[in-house]
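The structure appears right after this line, and notes come after that.
Order as written gives the chain letters A, B, C, D, E and F; numbering starts at 1 within each chain.
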Amino acid sequence: MALLDLPDWERYAPEVREPAGFDAFWSETLAEAAAHDPLVDVVPVATDLALVDTWDVTFTGFAGHPIRAWLTRPAGTAGRDLPAVVEYLGYGRGRGLPHERLVWPCAGYAHLLVDTRGQGGQYGNGGDTPDPVGSGPAAPGFLTRGVTDPRTAYLRRLLTDAARAVDAVAALPGVDGARIAVAGNSQGGGLALAAAGLNPRAVALLVSAPLLCDIPRSVALTDAHPYGEITRFLSVHREAAERVLDSLAHFDGAHFARRTTAAAHFGVGLRDDVCPPAGAFAAYNVLGGADKGIEVYPFNGHEHGEALHSARQLAWLGKRFGDR
Amino acid sequence: MALLDLPDWERYAPEVREPAGFDAFWSETLAEAAAHDPLVDVVPVATDLALVDTWDVTFTGFAGHPIRAWLTRPAGTAGRDLPAVVEYLGYGRGRGLPHERLVWPCAGYAHLLVDTRGQGGQYGNGGDTPDPVGSGPAAPGFLTRGVTDPRTAYLRRLLTDAARAVDAVAALPGVDGARIAVAGNSQGGGLALAAAGLNPRAVALLVSAPLLCDIPRSVALTDAHPYGEITRFLSVHREAAERVLDSLAHFDGAHFARRTTAAAHFGVGLRDDVCPPAGAFAAYNVLGGADKGIEVYPFNGHEHGEALHSARQLAWLGKRFGDR
Amino acid sequence: MALLDLPDWERYAPEVREPAGFDAFWSETLAEAAAHDPLVDVVPVATDLALVDTWDVTFTGFAGHPIRAWLTRPAGTAGRDLPAVVEYLGYGRGRGLPHERLVWPCAGYAHLLVDTRGQGGQYGNGGDTPDPVGSGPAAPGFLTRGVTDPRTAYLRRLLTDAARAVDAVAALPGVDGARIAVAGNSQGGGLALAAAGLNPRAVALLVSAPLLCDIPRSVALTDAHPYGEITRFLSVHREAAERVLDSLAHFDGAHFARRTTAAAHFGVGLRDDVCPPAGAFAAYNVLGGADKGIEVYPFNGHEHGEALHSARQLAWLGKRFGDR
Amino acid sequence: MALLDLPDWERYAPEVREPAGFDAFWSETLAEAAAHDPLVDVVPVATDLALVDTWDVTFTGFAGHPIRAWLTRPAGTAGRDLPAVVEYLGYGRGRGLPHERLVWPCAGYAHLLVDTRGQGGQYGNGGDTPDPVGSGPAAPGFLTRGVTDPRTAYLRRLLTDAARAVDAVAALPGVDGARIAVAGNSQGGGLALAAAGLNPRAVALLVSAPLLCDIPRSVALTDAHPYGEITRFLSVHREAAERVLDSLAHFDGAHFARRTTAAAHFGVGLRDDVCPPAGAFAAYNVLGGADKGIEVYPFNGHEHGEALHSARQLAWLGKRFGDR
Amino acid sequence: MALLDLPDWERYAPEVREPAGFDAFWSETLAEAAAHDPLVDVVPVATDLALVDTWDVTFTGFAGHPIRAWLTRPAGTAGRDLPAVVEYLGYGRGRGLPHERLVWPCAGYAHLLVDTRGQGGQYGNGGDTPDPVGSGPAAPGFLTRGVTDPRTAYLRRLLTDAARAVDAVAALPGVDGARIAVAGNSQGGGLALAAAGLNPRAVALLVSAPLLCDIPRSVALTDAHPYGEITRFLSVHREAAERVLDSLAHFDGAHFARRTTAAAHFGVGLRDDVCPPAGAFAAYNVLGGADKGIEVYPFNGHEHGEALHSARQLAWLGKRFGDR
Amino acid sequence: MALLDLPDWERYAPEVREPAGFDAFWSETLAEAAAHDPLVDVVPVATDLALVDTWDVTFTGFAGHPIRAWLTRPAGTAGRDLPAVVEYLGYGRGRGLPHERLVWPCAGYAHLLVDTRGQGGQYGNGGDTPDPVGSGPAAPGFLTRGVTDPRTAYLRRLLTDAARAVDAVAALPGVDGARIAVAGNSQGGGLALAAAGLNPRAVALLVSAPLLCDIPRSVALTDAHPYGEITRFLSVHREAAERVLDSLAHFDGAHFARRTTAAAHFGVGLRDDVCPPAGAFAAYNVLGGADKGIEVYPFNGHEHGEALHSARQLAWLGKRFGDR
């Protein structure tokens, strides 16, 4: 995708329609989830990595469904309350194997890599979390399952899992509950926004190339997967468009951005044709917190800053979370 | 796809491995389904089509789940027992609207167009049948949901629905239970094969460009969707390959072909790179019945004979089912 | 194609240049065609479809050339004057086999499916109408044959055939000459517009995703086939651009829309990159009749509403043409 | 296209079926054409090229139809009988402008660049020769026009034009009738083969990457344009395959190769996926003359040797035609 | 690429930022090159082309590096001072073989076809000029070699070679030093602009579809190769963007256009998505000379006018350079 | 790429021609390199990663050219002699940032990530090592630079760098010189093979999806980048094919495999169309050492086993190198 003409992105402020009853919908949803103890199981995992310890964590997500995650932290730090980073995955991936994401643990954080229900069959090394709920007719993929009603939508379950992961990490021993960050790229970025918007325990927010932001505009801007699943679904269920867009609005990162006061760090590539940058700006520009920054990569697409962005995240969070 | 070199397709006889316990698996599955009355609801539907009558039928599929279908037949023939054609859909489609498939009713048959659970969000005009069962990690699409175990596989539910549709049509008033055909193209062809192999009430079988035939070989021959979903899943769940291929073998049309004695009419395009013709021949060449014929279209792909094939089907079935 | 930004399409009113002598050109062309009796031959065709009767019709098109069509109507209605729908085909198709389009006959109409001269070798099941006229150098395809002069243009012959088809259906027994509709999708939409604009016997007009509308703008908006044939031709015959665009302006649906007073029903997908929706609006917004309506499908491309649109057409025309 | 496995191409000898009456068909066709004087018009053309003189030649092709060509030769050589090269064009091109092909005139030959009837609207700078004959339904493009009968086939007219061009050049003043070569690349190669096979005045033959050789095998090997036009036509006109392949066999270069005794020079790229090299070898290996050579380019596709091959052609023909 | 909306291109005047020290940079660069005698070697080459004489010329480019070129002129004109055309090549090509470009010699010009250092391995028949200088990390291709500093940039060497080629042709016997034109298409157009801007001996300038014009805007408009090399490089070297764009600005045709007073003739296709037409207009509209003209091809892409443009160039230059 | 038919890969034993003077060529090359001290500079680098220490290493490669690398090892292990893994990069990448590859250090190894000269401008986060040597005409990319002679070939320099990296790591303090492994994926796999074949200090070899193995066959099997660079070069430099293939044979992994006795662990995806698996088997099956194993991934392409393969590598090497 050639460079997008968003010369004035700092003042870009689209109106993203908020559905009636947004807060009630989420209060009710989270209350139901909170009826379950956050942690189900925490099992140590043997790896060949001497520098870190890893546990296979099962926590309760939407409706108490068991959600899997890898907890990885510096070896032998059981006695210390570390700051934590809860990381959500990109679309189609599962949590894979415990040694895939070592940056945060190597930097001294407790790192919870949250699996994505139902996903994990498309790229990488798979996932371990089923989605036990069926759905009505849907486009291939996950975004449109149950989407004609926000209460049955797959995204409701997924975003609730994300919010609950913060409670889970806070419930783990050796975690400093006052220093919890949520982080994610692409779909993970959308989930991190939701987690921050829904769970005030998340005091720092690291988002890059986020999906699920200003969904109607993003769907209009790109045919690419996964936003294209929504287009595809609506191209078949032509008479359901209003209902579906209203349902999706319950999961739009722009609304969560407005509700969080977490310190926030964003990254976006201006040539991103998977998650058009307009979505990232729609969320970033309405963030509820005062402490925020964004890295704009004019010549990059969905990959944005890659390891450079990761280095910048490390520095940014290190300044805010201090010793580890 | 350039012409495939299958000069000797009439003698093509690959060994398609049959899983242990195939018949027991299906006996048990069908017995469980048969515990439910086949018909749930039959509701007349108003259309603008004067020449036909249409009903919205709900029948019980796998585990008694409600499955939708359109029943369409010549207007004003309520008093006559017509021969019936049960038709299954291609991958991704739902049953759509009642006026989409008029050939069989116009030819005097009772026509049951069976919806596909969960699908119907990808092409056409949508479906109405949910799949109420969730699944573990899966590739986008339907083929790999629950596929690590034949008992949890989406395909188990789908093929059971197909077999039960024959019982449903037989239970409808105005249908001659001795003249029931099953028919389908692509995924529908695979389902028709399964229905014929699992339900002896199906005495005629019309299959074109079938999916789900000699699955391991087909997966090896093409990367195209939907076989590609299997490749994709196995490219992630690398250690599950044996288990998944064994599971999929429970749904392979080659095994159903061997078990049916229905009169059979096939169609295949030699340049089909979606459902490679090797799959169709693998099933056709082991058909259990003596009355069989195949139309080979050397210059066509997945579309094979289109309306010409449809005309040939009309003539073929007309000879076997007689007056209508 | 991502969603087109035509938020204000109801007021979209491009200036489509009308060539000098437009009306004289067509008067002369039609007068010459009218010198031939409309009907050449009407031969009953045996099909396996009990509910309808079909005839192979040959009528006279441009310069009296024989044009083929399928006439299909409810079986046994010879004695009744039915309303008629004259349908034109999409680009590249021929009329195929008589059982391909059963919706209109099943709804009680006499249905004339008009073959397309020279075409019918690209998709579907073929055509039966030659174009006996050769041409100068042309791009592969049909749109640019003879296009340097409107008098030698293939499109002149094709549009004249379309207008004459209305006379032919009116000349058939069992047709109510006061209730003739013209209908078509894509190229067929352009032909229906031309037929309505040139032949006042067409009192209803059903158009979807029309080709040949605001041709210069459409050529500028898309590279896709078949508009791309024009671009391709002009990329070679660089010095002929003015002449060719003037020639093509004789066949532009926008001019025919202005001239018809038929009741009109349109359909358009906003993501149509084959026939950009700007063309449809350019014609729709200048329609000469007061009774008009349009269905806009924001998430669809060239397929627009498919069967849903067909259902809407049935209802719309049923209200206007009454009993059948 | 990755390298084709034809390690043993020198012994590659497929059986290309020759249709009954091949020679009679062509005798009759050529006799009819020979009833017309070869030359219609020879008009000098002003160019800005001082070193060469150019004429716009019109000669009679099939049925006496006027065919255009550029004659270009060294300036001021009117008084000398030069050897001549008759060159045919690639598919879709017209003869363009007189200064496009200067190699042969600069090498001292009289060069007749023969326009292609009807073509010339796809690439380059256009053509000037209409094909005055219409056709039945055909795929976009030229190869399938009238193809259901060899007598109405476009290719019959085109190949006759090619053969007649040799008579035309022989009738021009300043040409040594004993030193006429025919040459062409791609479609032009097929035409040169035909001209050599049909007209013994052609004593040298320069062919590269030829189209129209072992047509059934080539159609089976590639989907690419223009062979793909045949596949496309037969994918629609499914029941005409036998007839069409028999018709096309009248125009297959393999049969012309067998009949010519001209000295022959070939070029072929082993990665050619437009005109698969199997076709070139099928013709080369049955050439009727003893003096032949072939340049094989293992790492090239349809472009084969380009200017290097041209240099080799210059050297090869120079040795055979001597002083100029 | 669909037609670009540049309706008002005659007034299109983007601000292309000129780097500080632009003129000093080039003075110094050229002074260093001028320390070497322009001609190294001029060796006659035998070809099979009787009408022209060809020499293999080696001249000194950047830092005195040997650069190869073909000199071709009408045979036997050694005693006459001919006007000369120095032609530069498109991206990826080498000078190939001496008989590839005969138009200018056939029109009576001394024609110097300048090889491109390091290139010549991508298309055509190769080149003979190495680039003896290595580079730091670079994207595949040539544009980004050494690009982080204008002094080490490959483009510095390449443009200096282009400017020096004019001195070389002027130093050849039989050339009229007062009638030297520089010409080129695509990359060659960018080089011709540079040569004209850097070397006042070039009094005529023939440019089509030029690369390297308004580089930042062109990079923003297209992802296509070769501009895409710059995007790719900057997508990796994210922190070097400012430095790289400043470096590239030393080689931007817009700055050379402003500096030349040569008579200029341009050609551009409005659908050019390789070298977007905005670049050509950015240069054309600031040309320093009064004698200028441009041919705009609205329906063409990067190929613009091809042979028609070549004919127009012949006529245009003929008027200015007179007898040959 | 659909599954490759290599059912019998264990016995696949192609003859890969070894060039005359192979060993002498490399002895001379390495002797020249060995004249330089291996280490130039070892500078500590600050990162935000508490668990590891990182140094920016500069060592001497071909002709003593400075080559950069990241050395990363468990923090605070300066006093221990650790086993080492020397890792080479995939094509187009540079070493990027120090925190990109943490698996080996986290597993307790000293890890030297070797930069690739000249590359690092295509993906990822860049490189820091120039290639100071220029080249003759080459295809875009690196493989064909200087390739007409093995002595000037880029690959000679690159492979020498790889072999010298082993000497460099052995010269570092805190490394156990008896436990050095070389590792790499894709191009890195080819480099690891070369390093093991050229430097006996490498006692373990970890190769996946290797490039540069049975080069002639691989070039024949795929058009994909980077093997396609060779095809492209030879498609232009047609007469240099023999010379170039002979030159490339000096860098073929099959010859290095035969010469190494290191314990070896391979990984290959059977659907790899970038580095066709035939190349990996050609090397694996001739390995000089007795201790070898291979993981075959039938449903994967160039990505083969990803993190699963990495886990298997950790286990395999852990067994051989013991305590860390």
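Keep this in mind: a contact is a pair of C-beta atoms (placed from the backbone, for glycine too) under 8 Å apart; a residue touches a chain by one contact, two chains touch by 3 or more.
It should be emphasised that the depicted structure is a prediction, and the values quoted were computed from it without experimental measurement.
Least step count on the touch graph, subunit C to subunit D: 1.
Among the remaining chains, A is positioned farthest from subunit D, on the basis of C-alpha centroids.
Judged by shared residue numbers over all numbers used at their interface, subunit D and subunit F contact each other through mostly different positions, with under half in common.
One finds 39 Å separating the Cα centroids of subunit A and subunit B.
As a whole-number value, the distance joining the C-alpha centres of subunit A and subunit F reads 37 Å.
For the pair subunit A and subunit E, the distance between mean C-alpha positions equals 50 Å.
Each chain gets a centre from the mean of its Cα atoms; for subunit A and subunit D, those two points are 63 Å apart. Each of the following residues of subunit F touches two or more other chains: 124-125, 238, 308. Because contacts link the chains in a way that matches no line, ring, star or complete pattern, their graph is best described as other.
Pairwise, the chains that touch each other are A-B, A-C, A-E, A-F, B-C, B-D, B-F, C-D, C-E, D-E, D-F, E-F. Residues of subunit E that touch subunit C in their complex: 1-3, 271, 297-301, 303, 305, 308.
Across the complex, subunit D is touched by residues 92, 94, 118-142, 144, 232-233, 236-238 of subunit C. Residues 47-52, 74, 96-97, 99-100, 102-103, 105-108, 124-125, 306-308, 310-311, 314-315, 318, 324 of subunit B touch subunit C in their complex. Contacts from subunit C toward subunit E in the complex involve residues 219-223, 231, 234-235, 238-239, 241.
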